[in-house]
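Next come two complexes, and both contain subunit A; in the first it sits with subunit B, in the second with subunit C.
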Partner chain A sequence: MNRKSIYVYIAITLAMIISAPGRFACGIVLVLELNLLMLLGTLVKSFIHRFELVPVGSVLLLTVMIVVTMLTRQALVLTIPQMAVQLGFVVYLPTVSAFLIGYMFGEEESELKKTIPRNMGYTLSYSVFALLFFLFRDIAGFGTITLLTNDGLYEQVLFDSGKINAFVFFATIPGALVCTAVILILYVFVVNKFIILENAELVHD
Partner chain B sequence: MIDTIFYYLFYCSAVLVYGIGLNRTAVLSRSMDKTLFLLIIKMIITILCSTALTWVVILELLVPADLVELFPLAALLILLAVSVFVEILIRITTGFRTSEFAVSYLILLLSLNESTEVVNSLVIASGCILSFVIILPVLFALRKRIEVARPRNDKIKKKSLIMITMAVIVIVLGVWNVSWLNQGVL
Partner chain C sequence: MMDTENSSKKLLRQYGILAGFIAGMFGILIAVIVLSRSSWQNGLKTAVTQVLEEEEPGQWIVGNYVRINAPVSLSAACFETRRKDNGARGYVLMMRIETAYGPFPAVFVSGEKADARFVGISGLHGRVRTLIGNGSGDAKIIYWVKRIPDILKNAEGPVQNDLGVGK
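Presenting the complex of A and B:
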């Protein structure tokens, strides 16, 4: 992972994950929405270039993304209403996040065959990180794992979260911020250690 | 009215609790220059005009047609139109570029979503804008403090320290909810 991608990860984490409820089920919904938006956004961008709609491309792309978000919200209202209420305003955060806008508007257009795997690769790799983050917050904060089922939300209780009050902090917004910061510090620490090892090997050789 | 502004400014800050522009504040707080000032001016004009216009559209068009759920789309189209107009004015008069979309749109959505009338939505929007504006000098000062204290610090470490401090600010703002200083707790 290079530095640019770390900054992208920080930006999307700040924009999308921090303010979301610390539940694994919420993470699943947001990650699915992010992937759907990236896929449709890439297709629409290709459509815009193919049919030479570049002058109105930005407005068209944004409109499509907002419509997709609205439909996602309506689908949630119909299928899992409690999730729609729980997420509320957060559903709109991935749509205007730096991640999607950066990749949609920032890069030059190339062939669709290359663009889709590249963009979906970015999104899927981030999705794994986001899901692990949500899973940690769910387990540490509430002592549960929440999943989406046909009947709505399913909550698997792992332990009584009241017994370890200190970890409840990670379910809150400041807890998520601290968690992100700690992950970054650990990452930098590990990378620096590897650099020292590489340098030592070079000197030894 | 003042209660609502303070609610979105401190207790339930649009930036720190709702997460609107959390990443933008981290970027914009790098320097306090004229572009930032113009960006804030543009945001204020754009958001307040769009909020009032969108509210009228919702009331006059969407409510009679039972299509209130489409308000984010109406808000987007109105915001884009107003934003482009204000952007052109700023570019012609000052020559600066002040492109900003995500924060303005999210504040607009929040103010429309949580209001009961047009004045209420304008007050909420003002509170959200203030919460965004007020956090910038705090983060700028924080960055300077970290730079002075640890000049050879890694950029990622600096970001981590800023995030931890933001967490502390959230706790400080929310502590009144449980503080023993509150009346009725003891």
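Presenting the complex of A and C:
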């Protein structure tokens, strides 16, 4: 994990995950939005280069991202309006997160065959982490599991003893911050150990 | 001369595509917003009714959507409501509130003259809902309970009889 990806991780986590409610269903919506934005953004960027629209490219790309974000909100209004109320401005946060801005505007243009797998690789790997994070907070913190179904939002209460449980801390915003920090520390620790092992093997050879 | 002409044509093409793209995108957006208006009202009415039935079963009839002329209406919805026992009318609101557990769609009932009262949260059951309880220990819920009568002053469609909630 290089320094840039650590900063991107912190920025997107603070923007997208911490401010969102720790429910799995909300996580699914935000992750779908992030992937849709990355996919369409990459396609539009390729379109811009192919049709020599570079001078107006940034405006074009931003327009698409804004419209896709607003359409995501409207899709929520059509299907699960109470989640549209709940998420509010959180729907707009993936769009302005360092993740999309960093990869959309910071990368050199190459072939679409290469950019799609690369960009979607970044987004999908982060999506797995985000979904696990939302799932953990939903189950451990809220003691429930929430899913998206044809009828809207489905909620199943898993644990409710009627007493105050220490795990409720993970449902709170400070709990989410602590979780994020612990995961980041563990991840950096493990990656550094692998780097030390690799270096040791190189020296040994 | 030829270069200037080509450059102008190129610029015209680029900005033409940009203008067309923006117009098309916003056209789609406006169409979707107009189409989803009824879903917003009907879906939230169902959600509000469900919360009222879970928390205070058989006590309320939820009526028409009430437009609020205030910025808060972007993350809130208001409906007329009536008590089944005495027929007193008032409002029921669903609005986004920030709690220690993140944002949630909270439901409040209010009469025209009385304070508002917290009823419940849509889509939240289990231990966190138990901890929030009647909202008297949550600073954000207390804030909105005090703020709702001011918001309702901007509601279209006055309520004649008071519900007597919060007294």
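Note that in this section the second predicted complex is superposed on the first by the 179 of 205 C-alpha atoms of A that agree within 3 Å, B and C clash if a C-alpha of one lies under 4 Å from a C-alpha of the other, contacts with A are read in each partner's own complex, and residues count from 1 in each chain.
In the analysis below, a residue touches a chain if its C-beta (ideal position, glycine included) is under 8 Å from a C-beta of that chain, and two chains touch if they have at least 3 such contacts.
Every value quoted in this text rests on a predicted model; they were computed, and no experiment measured them.
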For the three-chain arrangement built by superposition, which of subunit B and subunit C touches the greater number of subunit A residues? C
Of the two partner chains, subunit B (first) and subunit C (second), which one does A:S19 touch, if any: first, second, both, or neither? both
Would you check which partner chain A:S97 touches, where first means subunit B only, second means subunit C only, and both and neither mean what they say? first
Looking at the overlay, does A:Q82 come into contact with subunit B only (first), subunit C only (second), both, or neither? second
Using the superposition on chain A described above, determine whether A:V128 touches subunit B (first), subunit C (second), both, or neither. neither
Touch check for A:V190: first (subunit B), second (subunit C), both, or neither? neither
Quick check on the superposed pair: does A:L62 touch subunit B, subunit C, both, or neither? Answer first, second, both or neither. first
Tell me the contact category for A:L177 with respect to subunit B and subunit C: first, second, both or neither. first
Taking the superposition as given, does A:A200 touch the first partner, subunit B, the second, subunit C, both, or neither? neither
Taking the superposition on A as described, I'd like to know which of subunit B and subunit C A:Q74 touches: first, second, both or neither. both
Just to be sure I follow: which residues of subunit A are touched by subunit B in one complex and then by subunit C in the other one? 19-20, 59, 63, 67, 70, 74, 90, 173
Which subunit A residues qualify as touching subunit C in the complex? 19-23, 51-53, 55-56, 59-60, 63-64, 67, 70-71, 74, 77-88, 90, 141-144, 146, 152-153, 155, 157-162, 164-165, 168, 171-173
Given the complex with subunit A, which residues does subunit B contribute to the contact? 16-19, 22-23, 26, 69-70, 72-73, 76-77, 80, 101-102, 105-106, 109-110, 113, 154-157, 159-161, 163-164, 166-168, 170-171
Which of the residues in subunit A end up touching subunit B in this complex? 3, 6, 10-12, 14-16, 18-20, 59, 62-63, 66-67, 69-70, 74, 89-90, 92-93, 96-98, 101, 173-175, 177-178, 180-182, 184-185, 187-188
For subunit C, which residues count as touching subunit A in their complex? 10-11, 14-15, 17-18, 21-22, 25-26, 28-29, 32-33, 35-36, 39-40, 43-44, 47, 74-77, 94-96, 100-105, 122-128, 130-131
